[in-house]
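For reference, the structures are reproduced in the following blocks.
You will see two complexes here that share chain A, one where it goes with chain B and one where it goes with chain C.
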Partner chain A sequence: MLAYLVKRLGLAVLVALTVSVIAYLLLYLSGDPALAIAGEGASQADIDLIRKTYGFDQPLIVQYGDWLLKLLRGDLGVSMYFKTDVASLIFSKLSTTLLLAVYALTVALAISVPLGVLAAIYKNSWIDRLCLAVAVVGQSMPNFFFALILIMLFSISWRLLPVSGSGTWQHFVMPAITLGYYAAPAFMRLIRAGMIEVLSADYIRTARAKGLPTRTVIFKHALRNAIVPVVALAAVQLGFLLGGSIVIETIFALDGLGYLAYQSITFKDYPVTQIIVLLLSVIYILLTLASDIANAWLDPRIRVA
Partner chain B sequence: MTASAQSHDLPLHRVTSRRRLGPLTWAACALSAFLCLSNPSFANKANDTLGMAYDQAPENIDPYFNNVRIGVIIAANVWDTLIYRDPVTNEYRGQLAKSWKQIDPRTLEFELREGIKFHNGEAFDADSVVFTLNYVSDPANKATTQANVRWIEKVEKIDQFKVRIISKAPFPAAIDYLATTLAIHPAKYYKEVGPAGMNAKPVGSGPYKIIEYIPGKSVTLERNANYFKDSPKSAGKIGKVKIRFIPDRQTQMAEVMSGGEDLIMHVPKDQAEKLKSLPHLQVLSGNTMRIVFLQMNSRDGAPAPELKDIRVRKAIAHAIDREAILKNIVGGGELINTICTPSQVGCSSDGATVYKYDPALSKKLLAEAGFANGLTLDLMAYRERQQTEAMINYLQAVGIKTKLGFMQYAAMRDLARANKTAITHQTWGSNLVNDLSASTPHYFGGGGDDVSRDPEVIALLNKGDSTVDPEERKKTYNKALVLISEKAYALPLWSLPVYYVANKDLNFKPYHDELVRFWEMNWK
Partner chain C sequence: MKNNKALYVGCGLLLLIFCMAVFAPWLSPHDPYFQDLTYRTVPPIWYEQGTWLHPLGTDQLGRDYLSRLFYGARISLLIGASVAVISGLIGCTMGMLAGYFGGRIDMIVSFFVTTRLSMPVILVALATVALVGSSLFVVIMVLGLLKWDRFAVVMRSATQQVRAMEYVSAAQSAGASTLRILLTEVLPNVLPHLIVIATLEAASAILLEAALSFLGLGVQPPLPSWGLMISEAKSYMFFSFWLIAIPGTALAVLIFAINLAGDGLHQWLTPQERG
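For the complex of A and B:
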């Protein structure tokens, strides 16, 4: 187990380092960063000053090394646009994004658990097909498009919900539904498959033979067992929801990490963009690592593979 | 799937079918609760709060430390300048200054108004002007908009209500800078808190004061009830203005459609026209100071030596039907015949060569230049792609194939400065300054963005920049503009229009400087 752990950990560090290189190179994606920062109407003297101030005149490897060392020391840099330190900027936006991710996960589970159970119970019937259709639509419809449909219905036609902002709980309804619906199909398929397998197990037959009510059989005996892999998936999906919220937060002008990512890209605020890319990647890497380790702990066959 | 598993389905069906009403009842309950609890608050006439949505957030509310349009709009409503420029007549009137006079070519003297108070109660006097302008013009303080302040050498206090502004060189455009971008801060407060503190708690003297600012999210203004009566700006009429930063254009449109916001700007023409059909909205458009032109690189060592031949440049100019594109795609704005904003002091098209749309002449010129079978050129652009594509079609029709490079502004400028461009689709907004020195010299004055580097044009523009006599200055600039047009270094195209969508309850008038004047607005 220890060898496996070291191997997985080493791999995770390597992936994180690779991502950090890519994140750093983002700086040079649209030409000379000094020119980009200087903006329209800047003189050559301004640009030279910026180049020197930010150290863009140093060799690339030195710039990257400096940046990485500072990161490891906990110095995430200063936002070129908002002129505040990146750490506090990101921290101030994190709660909105986490809240949205949790709401979206709740929506995803609220959609997928009942539909997955229904699809399993009514396997191969029209209800199963209907649930499948709901899943296919959720998976294939671009989430920005679904967001616009929701805005058209709930904000423009019926005027029930505010279009954008993050002031009240109403502001989170449409973003959570949009993100949650997109994440639901993966859960739904897992629950349906799990339920079908569990419902055919001997202990379910025994439970029913004992004369237990069907509701108890389904929810207490079957679902509890079928839902175990869903919990593992939920951890990984949380990473996806954090990253996937960039588009949704931008559309709904929710003042979170995704919106900050969009703003930092628009304003070429590279220190912020780099840290967000790195942070989201590290969250993903950590969640995957945790899931791998948990699986290995549960199933010894994985450790030797 | 085992047979036993399938055999279980039947009783489960029966049992659950009795509970089919369950989810429906739940949904009904949830919807009713939702209808009762949901009460989105709207900015509107009833609350005497004007809601405006804008896509970009300023990095700092202090007018000297941001360079986005909404920053300029907020500055004009929250701060005052020494001079006021009438947006219709372009005449200058005193705002914080009562009067001014030119002492010598480098010195302007201002007599200041008395009795004006900033939003925090601090009194306005010579110290406010001296400290603000000396602070922001010191490069060490790193004002973002250096172009607006670098001409100032120093500001001196003569007495409590008299100051002198001394420029580094004769600078006739000074009045316009002082009338548009150079806001005056309260000296004591600004000295104490600096730009960071000004951003955290902004204090001006204008018709609106900032009561809440959440960086990157929103800024709320409230009418300044004590605004001084002699100001050429009037006091505000609407109680509150809340500006929210919404990056997505579709969301902004949804906000005005649903009544969540009352005003949005920079709406694309086709979408603005669709919104016209909604009964509660009005669509207004106005011309702007931003000009559009095709710049042709004729420098030595440029990637397209063909453009060194004046016949090729003229062929390009004759190939494009500017009027058709202006009418059908740009939809607003006006044709320009020289590279400057028509309203700018010093801008004229008298005597300039105008290139009429004439594809036959264009082909003839190309044949004379040795390109009877056509040629291929790079064309780079960074905004208004539809306009670029329309021009590409016209060029194609006379045999000029183009390879389009569409990129960020900074990347395009990077290439232009490195002498790696052929044709570039440029636009320039002059940072609001209504003086030619803020436009033409940027592209033809010999600086990094000048890709023609004509010594005669450079000398004329330099002379114009420092000539104090207005008539002499205008003549000098005109000579440069005529020369640029004769040599077809660039093809002047049009000025860009801006479309606003506003609630019909709002009285709102657009101006060519794209400044939204909240103080003039009122509810119908």
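For the complex of A and C:
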């Protein structure tokens, strides 16, 4: 187990370092970053000043090394647009996005677990097909279009929920539904497939044969086993939800990391964009690391391979 | 092939949208870029004020919506197809090399895949497009260079399976070159998997382009990208909901058709997995 742990941890660190290189190099996609920051019509003196202040005159490897060393010491740099340090800026938005991701995951599971179980029990019937239809619509609908429909219904027609902002729990309802519905189909397919497999297992037949009520068999015996792969998927999906939150937070002006990412990109606030790319990647790396270690702990065969 | 309604319906819908795209110049009643400011936000014909002159109405600049919808299909299909081809070429090459040679090459490819997966596509795509400058070509290239991961993963395991087959050893002992084995023995046998992944990736690329354009960092005006049409009409949606409903539905139908065709193909190509 220890060897596996060390190997897996080493890989995680290596991936994180590679991502940090890519995140840093993003800056150079515009050609000359000093020119991009100065904007159109800046004088040569201004451009030179920016080049010197941000260290763009140094060799690339030195710039990256400096940036990374500062990061490791906890200095995430200063935002050019918000004029505050990036660390406190991100920290103030992080809780909103994490909250949204958790709510969205809850919505996704609340949709997919019952529908997945139903689809498996009534396999190949009209109920199965109806559940499949719900999943297919969720996959086909662009999530920003779905968000606008929700706004039309809940905010404009029925006046139940606020259109945008992030002050109260009401502000999270529509973003969480949009993101959750978007993530639900993947869970549903996994739960349906898992339940169908488990329901045909011998121990389920035994449980039924000894006269246990159907409800007990399905929820206590079958679902418990079918849900194991869902935990692994949940970790991965949480990472995707963080990425998907960019579009959704922007639509609802929900003041989280996703909205900040969008703002930083449109305002050319590179230090913030770089850190958010790196941060979201590191969160994903940690989530998959945790899920891999949990799987290895549960299943000894993985450790050896 | 019998009873595969998904394949028929999906391919039928796709064919319809494909025809819309190809024959857009002949089908469109108007020039999709012509602005008639006296005819702004005319509603579609199923509304009382609708007119047959503009069957789907006009947008906030008085451009014929039906014509823009037809031309928009070209953009979505172009994005889907070219991103699937570019990312397919990258991903398949990496996956085949990793699966065939194993060992160190496999480790390197797996590392690339893990790194790529850890970065959120939409964020990196947004940032890249914003920095490089947004245009249809840039969007296609960026998505193509980002979305090869699933191709690589599937090709790797498919190639590993095929590699263990006797006909590959037979080709090896007959003295065939590695490139020849990969192209004539391995590739045809993993092709079914590839086509299914290509449909999934095309659908996802179309949705990503729409999201990028919706955020103003994708295809630029006045091109009639469906995502951009929704974005431009967003502030008019309270009074003219159809302005976002029409391109939104078009997108949903296209993605639905591709997913359905993909599911149908998957069932058709791997009949033993039918559940």
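The rule is short, and it goes like this: the second predicted complex is superposed on the first by the 296 of 305 C-alpha atoms of A that agree within 3 Å, B and C clash if a C-alpha of one lies under 4 Å from a C-alpha of the other, contacts with A are read in each partner's own complex, and residues count from 1 in each chain.
One rule holds for everything that comes next: a contact is a pair of C-beta atoms (placed from the backbone, for glycine too) under 8 Å apart; a residue touches a chain by one contact, two chains touch by 3 or more.
Bear in mind the structure is a predicted one, so any value in this text is a computation, not a measurement.
By the touch criterion stated above, A:G211 is placed in contact with neither chain B nor chain C. When both complexes are overlaid on chain A, the residue A:S140 reaches chain C alone and has no touch with chain B.
Of the two partner chains, chain B and chain C are each touched by A:M152. In the superposed model, A:P59 makes contact with neither chain B nor chain C.
Of the two partner chains, chain C is the only one touched by A:L26; chain B is not. Shared-chain residue A:V15: touches chain C; no touch with chain B. Once the two complexes are overlaid on the shared chain, A:G74 sits clear of chain B and of chain C alike.
Touch criterion met: A:Q170 reaches chain B, while chain C stays clear of it.
Judged by the touch definition given at the top, the superposed model places A:I246 against chain C, while chain B stays out of reach. Applying the stated touch rule to the two superposed structures, the overlap between the chain B and chain C interfaces on chain A comprises residues 30, 36, 123, 148, 152, 156, 196, 250, 262, 266, 268. Every residue of chain A that touches chain B in the complex is listed here, in rising order: 30-32, 35-36, 38-44, 46, 81-83, 114, 121-123, 148, 151-152, 155-156, 159-165, 168, 170, 196, 199-200, 204-205, 208, 213-215, 218, 250-253, 255, 259-260, 262-263, 266-268. Residues of chain B touching chain A in their complex: 1-2, 4-5, 8-9, 11-13, 15-16, 23, 34-35, 37-41, 56-57, 59-60, 65, 67, 144, 146-147, 150, 196, 199, 214-217, 244-248, 250-251, 254-255, 257-260, 407-411, 413-415, 417, 429, 431, 442, 447-448. Across the complex, chain C meets chain A through its residues 111, 114-115, 117-124, 126-128, 130-132, 207, 210-211, 214-217, 227, 230, 234, 237-238, 241, 244, 248, 251-253, 255-256, 259-260, 275. On chain A, the positions that touch chain C within their shared complex are 11, 14-16, 18-19, 22, 26-27, 29-30, 36, 123, 136-137, 139-145, 148-149, 152, 156, 193, 196, 239-240, 242-244, 246-247, 250, 261-262, 265-266, 268, 273, 276-277, 280-281, 284-285, 288.
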